[in-house]
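Chain lettering (A, B, C and D) follows the sequence in which the chains are written, and residue indices restart at 1 in each chain.
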Amino acid sequence: MLKVGLLGAGRIGQVHAVNIAGNARSTLVAVADVNQEAAEKLASDHQCEVRSVESILADPAIDAVLIASSTDTHSDLIEAATAAGKAVLCEKPVDLSLQRAKACLSTVSATGKPVMIGFNRRFDPNFAAVRKAFATGEIGKAELLSVTSFDPAPPPVSYIKVSGGLFRDMMIHDFDMANFLMGKRPITIRAVGSSIVDPEIGKAGDVDTAVVTMTYDDGRIAVIKNSRRAAFGYDQRVELLGSEGLLQVQNMLENTMVKSTAAGVVSAKPTYFFLERYMPAYIAEWEAFVSAVLDGADIPVTLEDGVAALAMAEAATESFKSGSAVEVSY
Amino acid sequence: MLKVGLLGAGRIGQVHAVNIAGNARSTLVAVADVNQEAAEKLASDHQCEVRSVESILADPAIDAVLIASSTDTHSDLIEAATAAGKAVLCEKPVDLSLQRAKACLSTVSATGKPVMIGFNRRFDPNFAAVRKAFATGEIGKAELLSVTSFDPAPPPVSYIKVSGGLFRDMMIHDFDMANFLMGKRPITIRAVGSSIVDPEIGKAGDVDTAVVTMTYDDGRIAVIKNSRRAAFGYDQRVELLGSEGLLQVQNMLENTMVKSTAAGVVSAKPTYFFLERYMPAYIAEWEAFVSAVLDGADIPVTLEDGVAALAMAEAATESFKSGSAVEVSY
Amino acid sequence: MLKVGLLGAGRIGQVHAVNIAGNARSTLVAVADVNQEAAEKLASDHQCEVRSVESILADPAIDAVLIASSTDTHSDLIEAATAAGKAVLCEKPVDLSLQRAKACLSTVSATGKPVMIGFNRRFDPNFAAVRKAFATGEIGKAELLSVTSFDPAPPPVSYIKVSGGLFRDMMIHDFDMANFLMGKRPITIRAVGSSIVDPEIGKAGDVDTAVVTMTYDDGRIAVIKNSRRAAFGYDQRVELLGSEGLLQVQNMLENTMVKSTAAGVVSAKPTYFFLERYMPAYIAEWEAFVSAVLDGADIPVTLEDGVAALAMAEAATESFKSGSAVEVSY
Amino acid sequence: MLKVGLLGAGRIGQVHAVNIAGNARSTLVAVADVNQEAAEKLASDHQCEVRSVESILADPAIDAVLIASSTDTHSDLIEAATAAGKAVLCEKPVDLSLQRAKACLSTVSATGKPVMIGFNRRFDPNFAAVRKAFATGEIGKAELLSVTSFDPAPPPVSYIKVSGGLFRDMMIHDFDMANFLMGKRPITIRAVGSSIVDPEIGKAGDVDTAVVTMTYDDGRIAVIKNSRRAAFGYDQRVELLGSEGLLQVQNMLENTMVKSTAAGVVSAKPTYFFLERYMPAYIAEWEAFVSAVLDGADIPVTLEDGVAALAMAEAATESFKSGSAVEVSY
């Protein structure tokens, strides 16, 4: 039984709390949050204690911490938790600063403690099926990857301002997805973007619509398309063209009803909310972490993976600003 | 080059005229119709002569006739044409009277001349693909066939009154489709029906919605669903469940555009008009007839097939009226 | 908090135990089963007591019982539980004997205690969407309903022998689905069937493939197709044709990956196992029961509904045996 | 009746000959080709004369010429034909040299004769439906366009060497499609590419896989993906994300059969051959040309459109070579 401390009681922390409780091999012991009210609510829902971060890290009865606090705390908490001998599952991104993330990686590597980064989409059964089909050679060699990732609606501009920008905040998932599906990392990145969805996002120095192309040392190409708005819901698709075929992931729909009338043939929309879309992935992600810690299974998403995705986001941001191709510095 | 006389210049006669002209191995020589104006219009469009039926049948330069006149003339014309040594392609149904159709079959068999019945749907590439997949064993043994056949809108009640009823006029296509796909004929037929689409159809002694179940000597079952109205277009589907899988034909859509908005995900409707849906089938049907006559290929839909479908329609009509199961008398 | 006793610790009892535990407003207090080992295993998994049926029914601290024992005990347990003042959720079917089920209904009605029958498919989001779309007039008046329900593989012949036959054991779900979607019950039923999947099933006096047609007092028609085997998985679809359109429920697939190669375009299969397909329905079913008992909401599937479906199964069985149409005796 | 001279009797010339003959308002009078045998074959099939280009252009009885000869002759023939007073439909691309094409445009503009460029895909009913839906505001403002265009198999390297390269030879269709769907032209183009399908293509100085991103003055973005090989067939799709929704064109399939077995759910592949995929488009294209000449309708694809697409291809080629973004010089 894995005894877990949860750092962060916000929306995503609450999701993890449910999954920690729902897993037969883990139990939630304590929660910490700067927002005392949120911490108490979560503790009450899950019958665990509210404690300080320090107290959790110092408790030898706690095996692992799940870091779901704000991004600017991630590197510090990863370092402190591993120093305290905890296994760590930390939400993405590792940091907004690539330099800080690399330092964290260097520090943590020395401890040898398991650190997993929460790129939940790797655990989605649909994307995992593509990875498996490609890995087992069903479409031959990879040639051209396309990732489509549209949010249903943009976050508030106040969030945009502290988000680190679309490439670090949103597309980072797609950078990791590309690494996951391709099994290798790109050399060069080109980014274009605009704030066509909401000019206020542009005024805040960010983009809401962006396309990134990436090239690989063996001639592969990948393209990622992001938009902060899709009027019809959460649009999450990939296409991987190989020498012997194409693998596609289509959207999951709210239901399987089809209505045909004189007005047309109408299907349900994609699931709108990311938690609805990816709940099975969050559950499987936690399962994988528990298995890595208790059974010694491989960490499926390492801190190095998290740093790599951040390095790609950094390169994309730089390319968008300069207008030129940028080599990724991993 | 097959020299063809066309008997009937109505809507379906005009379709055939285009296809006779479009086939490199056939030419339209003459047309006959009781409606002189229709005959002249068609002759002018296709640069052929208007003649009487007698003149066409008596002309030794004419190899084949295509019978597209009203149903009550079919048996007489088939007999006269084969007696005159012509190859015949006759529109469905052979007759409204099963007894008359059987007599026609008997008469014609003695002549040895090729007679083909116009069950065009056998030549539709989608249904033909099911037949081929089943025939090559891709789903094992046949167990349960389902045919869905909905017209977009009912014909005028005046037509209903002379049509012979839904089972002979509309479902006869589906009876032949069942025979085509199953490769064998049912023993017993049960029919239910109602005039729920239009009570006037009921007053005219017919139904507009009907379901027929058919049983076979080896335990197979087939079900046919008909409606005279589908608000969304022409609905033409089949499903064949076998011991190793299921074969389905889906509708052909007007185009492949999909529109996703907050209101839902909208695809195009099925093609609305039977000529749009089945034009490739009409062309392939004529091609098959030409090949049968000129190359000695097998007649793909025989007069006997036409009589069998009529016998099934007769049994269904009787079952609907009596409320009991009826054995088909082929 | 609803305190629940579970009668039956078999496969479906275990599913319900998880859902009782997972619902924030219900708790599993005790379990009873003639198989002591199964009861103890379930009690251990869910930290509840093993007790006798009598002890559970006599306990005033228990508010409700969930009957998941063998079918031959259902009527007796429903009567005993309601007499003891418990709310009841009982698995389908109510009984294999229509007469006994009617007597049970009569007895229970006098008590006024809430009894719900476990037709879980009503709670499937896909079928519920069809019901809602029809009820809100999106396709006008109902004309023709088609239910396709194929199991992935037949049960052992030993089970077939005690099952009450396909119509009572398997198609009963589809009879209830028809009543749910149509909002009214049929007058007359015709059934055909055969044992084409497995002749041993025929030797046991049952069928494995069947088609039932049903007629309604207003001219509607419904058709149900059942097979005990679909090589590709669990096939659960409905189609409701109305005066203004068609509503269809398609299968749920294992994932949304599509693979296109020279061999064709391959999608995932339908979910294979009924628990996988209907788990959300089981959860929503329990939620509805809890709400009916605690909040006084309407019972969404009444004992009368259970008796009606059984009456239809009885009529279908009789029609299959006699070969004639049978009027349903509700 | 439009009297037409055909310049070029190769594969695409033969397609046009059939469509000229099939249109009730046009007739094929003469054909010219440097390959005398090809010209004679086509003339025999369509009962027209073989003549020299000079003779055709000098014949006052000929109203229009269709230029389907090799690309290096296009500009010269367009100029000569318009100078001779003919209406012109010329296959794409206008030229391999942007400079030459611009000179041609300048020369031809002075004559005032109608010149149409054969971007057949604009006439495809599926793409046309997207254009119409967007133009009528069904998805609000355009934000992000994605064009996927994969050939089934690469042409011989000998063809690659004289093709002008992927951007001019293949992607030029997609540049025009972007202009057609967007209703405006991009400012800046970035291209990446590789010869991952066939290294021999790389040795010939070309790429076989490429992604181009384009930016617009109002913040829109477009991305085009090309591959010379898709093992499953001809892959031709677009997606246009707007402020209120998404429009997608899916592939046309060989048939609508779906086969479900234990191995999966298999649909037909996309049509493999471009003539099969786009035959309706070629027919509609010719219809539009005839209508433009005879009825004075607008030329739907102008010579200027042809030059614009070539300018984009030139910019893409330059961007690929330099690795930098290139502003398009229209």
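The rule is simple: contacts are C-beta pairs under 8 Å (C-beta built on N, C-alpha and C of every residue); 3 or more make two chains touch, one makes a residue touch a chain.
None of these values were measured; they are calculated from a predicted model.
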Q: Starting at subunit B, figure out the least number of steps needed to reach subunit D through touching chains.
A: 1
Q: Weigh C-D against B-C on C-beta contact pairs and write down the one with more.
A: B-C
Q.
Based on mean C-alpha positions, I'd like to know which chain lies farthest from subunit B.
A. A
Q: Please compute the C-alpha centroid of subunit B, do the same for subunit C, then give the distance between them in whole Å.
A: 41
Q: Return the distance between the CA-based centres of subunit C and subunit D, expressed in whole Å.
A: 57
Q: At least two other chains touched by the same residue of subunit A: list those residues.
A: 139, 230-232, 244-246, 260-262, 268
Q | subunit C - residues contacting subunit A, complex | A | 125-126, 129-130, 133, 138-139, 244-252, 254-262, 268
**Q.** Contact footprint of subunit A on subunit B as seen in their complex
**A.** 230-233, 253, 260-270
Q | Interfacial residue positions of subunit D with respect to subunit A in the complex | A | 139-141, 143-144, 146, 148, 150, 190, 192-197, 209-211, 213, 215, 218-221, 223, 225, 227, 229-232, 235, 239, 241-246, 323-325
